[in-house]
Amino acid sequence: MPATLELDPDRLLPVDPETRAVARGLYESVATLPILSPHGHVDPAMLLDDNAFSDPADLFITRDHYVTRLLHAAGHDLADLGAGRAEVTDPRAVWRLLAENWHLLAGTASGYWLTHELVTLFGIDEEPSPATADATYDAIASHLSDAAYRPRALFERFRIEVLATTDDPMDDLAAHAALARDASFPGRVLPTFRPDAYLDPTAPDFVQRIERLTASNGTPADDFIGYLDALEARRAHFVAHGAVSADHGVREPFTVDLTDDEASSLYARAVAGDLDAAGARAFRGNMLLRMAGMSARDGLVMTIHAGVHRNHSTATFDRYGADTGHDIPVATTYTENLRPLLERHGLAPSLHLVLFTVDETVYSRELAPLAGFYPSVFIGAPWWFLDAPDAVLRFRAAVTETAGFYRGSGFIDDTRAFLSIPARHDMARRLDSAFLARLVREGRITLDQAERIAVDLVDSVPRRAFKL
Amino acid sequence: MPATLELDPDRLLPVDPETRAVARGLYESVATLPILSPHGHVDPAMLLDDNAFSDPADLFITRDHYVTRLLHAAGHDLADLGAGRAEVTDPRAVWRLLAENWHLLAGTASGYWLTHELVTLFGIDEEPSPATADATYDAIASHLSDAAYRPRALFERFRIEVLATTDDPMDDLAAHAALARDASFPGRVLPTFRPDAYLDPTAPDFVQRIERLTASNGTPADDFIGYLDALEARRAHFVAHGAVSADHGVREPFTVDLTDDEASSLYARAVAGDLDAAGARAFRGNMLLRMAGMSARDGLVMTIHAGVHRNHSTATFDRYGADTGHDIPVATTYTENLRPLLERHGLAPSLHLVLFTVDETVYSRELAPLAGFYPSVFIGAPWWFLDAPDAVLRFRAAVTETAGFYRGSGFIDDTRAFLSIPARHDMARRLDSAFLARLVREGRITLDQAERIAVDLVDSVPRRAFKL
Amino acid sequence: MPATLELDPDRLLPVDPETRAVARGLYESVATLPILSPHGHVDPAMLLDDNAFSDPADLFITRDHYVTRLLHAAGHDLADLGAGRAEVTDPRAVWRLLAENWHLLAGTASGYWLTHELVTLFGIDEEPSPATADATYDAIASHLSDAAYRPRALFERFRIEVLATTDDPMDDLAAHAALARDASFPGRVLPTFRPDAYLDPTAPDFVQRIERLTASNGTPADDFIGYLDALEARRAHFVAHGAVSADHGVREPFTVDLTDDEASSLYARAVAGDLDAAGARAFRGNMLLRMAGMSARDGLVMTIHAGVHRNHSTATFDRYGADTGHDIPVATTYTENLRPLLERHGLAPSLHLVLFTVDETVYSRELAPLAGFYPSVFIGAPWWFLDAPDAVLRFRAAVTETAGFYRGSGFIDDTRAFLSIPARHDMARRLDSAFLARLVREGRITLDQAERIAVDLVDSVPRRAFKL
């Protein structure tokens, strides 16, 4: 008899019965509130085109490098998993690989979300295994042709109010514009300005990007002020299309304040292709600071995702491309790195700066103290590897005692996996209810306070942080 | 109907009923023991003069940068909060600001202590809010003129046995002397030698301070040995006035062993005002090591509070001064930094070295292993941002398995907020009871052992660490 | 009446009753499974000779620097504890010191293991104290002459299936060979290749070691390729004697890829004794990378124990030698340090690389993400100071959500204290049961899954990681 797959209605709530009862009450008060997703990686074309999803492997495996990396670690070739640039010739074979290795996902966040999706969306009630793989595959596949499983129908079913995408500064945002014009689609799908590749002289094709960027605004590539103007023009284009934030992914959140002359000189060397590593670091660090200035002026919330060594395995990157499971965190510090930026812009009332980390040590040591003073600083929700039950509770415990509940970003799903959005937000709501219930039972907050905070955490907190 | 403000008698105890019962028993055995406060920032003149406190805003807000920083982060101007150098023209308006923003403190240590103080000292039973602000303000204010609310009466009511202040080396300690002579005041109020500004060539007014210091001992400012002698003379003055410890606040706990000639040469350049950053670091690091030598000789317990970037916001510092909420922790390491000091003095039986951190990573990685070997090293209680319920339990869990219960400093309140002292010590006793109760229930220690340890943690442990 | 010493049958299981019941069931399913100990420091001669243990102090104190360090920290001289090179003249006096200071071990891992050993092996039922010290000493001593307390009898009683020792590359492994030949001893006792002192130009007697090593293979000391060949030859000798792993203890896990010419040039300077610190670091880092290459070729599992400053107290080292309690962890990072090694060998199917840390920050930040991608990387079990109940649960919580349960090494006791082996493995099994039970009760895994994982963690997981 195959093992059953099911969702405990009290999952993620505290095990102590009385605390669980308090948590359940809090959770029920927020379980069905609309989803605000101010940062993520869903493709807007998916919602514009509203095509049916192709197959279960595409839906759950090949595009999800959280899943493929675990199968790769167990010795399976990324080619057989259809990861990255690998071609998927037999999606059913990919699905079988997952089913055979289901035990590897036990206890992981990915396993938790997949279970949630299989049960709630597709009514699967048997644990994936070699014996059930084909039947489960067919059951999912049979749903996908159903209109109720098209992206827009799911968007509505998921109760998503706002969904932000992440976009290249040179994107024309035509998909966003078309969605906004489409009266049949009531959702808000907002672009996000993500300029990393235009700010880092060591990024691939930096010079060509700069040439395209500056040309779009009518200045020569080697004019630093023209470059800044072009960036502001693209930001304005994003603002005009509803963007509320600009996102910055950096290995270190280093910032440095330079004069225009100093920065211009580095820029000239970068465009000429002869900037050394120290110069590139200074340029990146100065541009990150200048982006805060632009955010203070145009109002785009500035998010910083710091501390990841991308594409750690060159051989894998060369064969399968980026986002194939080998982005590895590094130790991160914000206090000194961000000081030049905060010295210049940290007290600007219009600046919202949301700081994310995959280095948990930063929570109590730096993020909570910074957000507990600077009105501009918001603590980013647990990100990436830390977006998981125990890690989320560690996060709350690490930041709340210093910064309270009102200096955070609200939950961020940060996902490409559209179908996992409800599972992720549901997880966050359960965990916040669990955390609040413990504080109630420990006499640290009242139930009244907990009830208000539970709602605020999914409503007013993200609305304020992201200016929604 | 306004929400009630109340204190759960079982607050901070574990939620599991049987574990809670064990914890309650342990807590009751220590709840009313005298308070030993061997490190803090209360002004001795307050106890000497014994004047009534002026108003509720002064008592709970304007001097407490833990509270003002959270209101500042929410967008309120420090000027409106009377923080730092800001003048308070309308204390009632400041109080109303707190009442309006009470929800921002939910879950924070400050909110927990404030609640404790409002309920236990002033009998407030309604949660601060715009509706209750004026009535609460008046209720508190009406108490303040009462003799029972003068500092000395509260000192007695709080059952404080020892209270250490923190003082400039050039302080004449007249207030301490007067208190000691005052037969009507039985408490022990001890000075603490805090020489940072005399050891760091980059500190404001370093040269002027050195001139005053050396002149007090009759040597020229540029004589290094005279400088050392003057420091020892001032330490002796403190010892004569009852001091038991010397406190050192440093951004990094770097130490380096230099010959007298090497140090003297750095000193000469420092006094001449032409010491570069690397030289200043070496001088500071050597003086920290030499202070351990002085502690080994004169017996003053050496406390090190490391790892905070003070005055992170220059604009705020320039306008409001120090201690206005923007001291931000940085990553800290002790193992290598402190090695030169420990190589020279770490095995000296007379040296007690208490190490504090705001970087939690140091607990299990460095502090517990160091204190588990060196008889001189004691693990400082959770400090500053970490002086809060969850953080305290993390601390105990991080250090106990390596160092046991007898290598700590005992609880340190480290506060300027006199009225919060009982709340803080009560919190620590509850949390230690909670931790011990869990270990009992997990079969890791016996109830007998827990009962002994609970008492030792508030009695023999701090007495031994601080030579009280 | 002396306090009783006893073992709670439910020790270390969760306090919540229902969760405890689940955990108990899981624990019972694995409690008596054989012990696999693929890394440790037991002397093979002990099993070969099978002599009776000499006395209780020798058994529990003088050789266990976890215990002596805590007594040293409390002010007792290592000489009086018989630590390191100190001579033990009166073992009973040493035992009395432990008994007098038993409270210092409360809450520590050492205290937990000692209790387990005293109760389960010697039937002691009174807490060590001055009053009971002599009687307990005599009771233990009386057992030691019993044949059932000889090493081989205990090996069988402990149900040890595999025990790995740690050995110098030049060891002839005669003891291992003799044990393997001895038909009366059915246990597997495997050597482990530990070449640190032959890879680090700053290690004591490096040149003499190299001379012996290369001479053993018939090449001159200054021939780099000959040196590499000699290392491979010694590894082959270990493989022939059953070794499954090569162990590397380094302060930092730095690696660097060098050409043979570059490495050869550093080697020449090292052998000539004129390699500077930077050169020595590069050589060490390159040799660590080359050892991974050898592991990929000969199949020895490569274990790295990184991040400890050995012999922190020079005075203690000079007087008592190494392993006397003052090895202190330092901050560690793997992501960048190990990248050159992983770039060259990380995807080799034959390489197993087990990474240990005493810096907990590495768990969620680096180890779980690395092991969640690279098939070669396995997460080492909590090591040294972290091999303790709360630390083990923190470890599981930190790595599981990213890497699941199948990317770990399985429990490693890493001990010289032969009698503590069952206590340590029992502890690990209880804690894994506790962790799994919580996940079951939180609806994150099913009971079926937990039952499979509990067995795998003590069986298939270590067998696979260590190629047993």
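Note that the chains take the letters A, B and C in the order they are written out, and that residue 1 is the start of every chain.
Following the convention adopted for this analysis, a contact is a pair of C-beta atoms (placed from the backbone, for glycine too) under 8 Å apart; a residue touches a chain by one contact, two chains touch by 3 or more.
All of these numbers come straight from a predicted model, not from anything done at the bench.
Colleague: Specify the angle of rotation obtained when superposing subunit A on subunit B by their C-alpha atoms, rounded to a multiple of 5 degrees.
Modeller: Superposing the C-alpha atoms of subunit A on subunit B needs a rotation of 120 degrees.
Colleague: Is the contact between copies subunit B and subunit C built from the same residues on both sides or from different ones, judged by whether over half of the numbers are shared?
Modeller: Interface between subunit B and subunit C is built from largely different residues.
Colleague: Express in whole angstrom the distance between the two chain centres, defined as the mean CA positions of subunit B and subunit C.
Modeller: From the centre of subunit B to the centre of subunit C is 39 Å.
Colleague: Subunit A: which residues touch two or more other chains?
Modeller: Counting only residues that touch two or more other chains, subunit A contributes 16, 331, 361.
Colleague: Help me check something: in the complex, which residues belonging to subunit C touch subunit B?
Modeller: On the subunit C side, the touching residues are 3-4, 7-8, 10-13, 15-17, 69-70, 72-75, 103-109, 111-112, 127, 309, 312-316, 325-331, 358-361, 385-386, 388-391, 394.
Colleague: Provide the residue numbers of subunit B that touch subunit C in the complex, in ascending order.
Modeller: So the residues of subunit B in touch with subunit C come to 14, 16, 18-19, 331, 333, 335-336, 339, 342-343, 346-347, 349, 361, 364-366, 368-375, 377, 397-398, 400-407, 438-439, 441-446, 448-449, 452-453.
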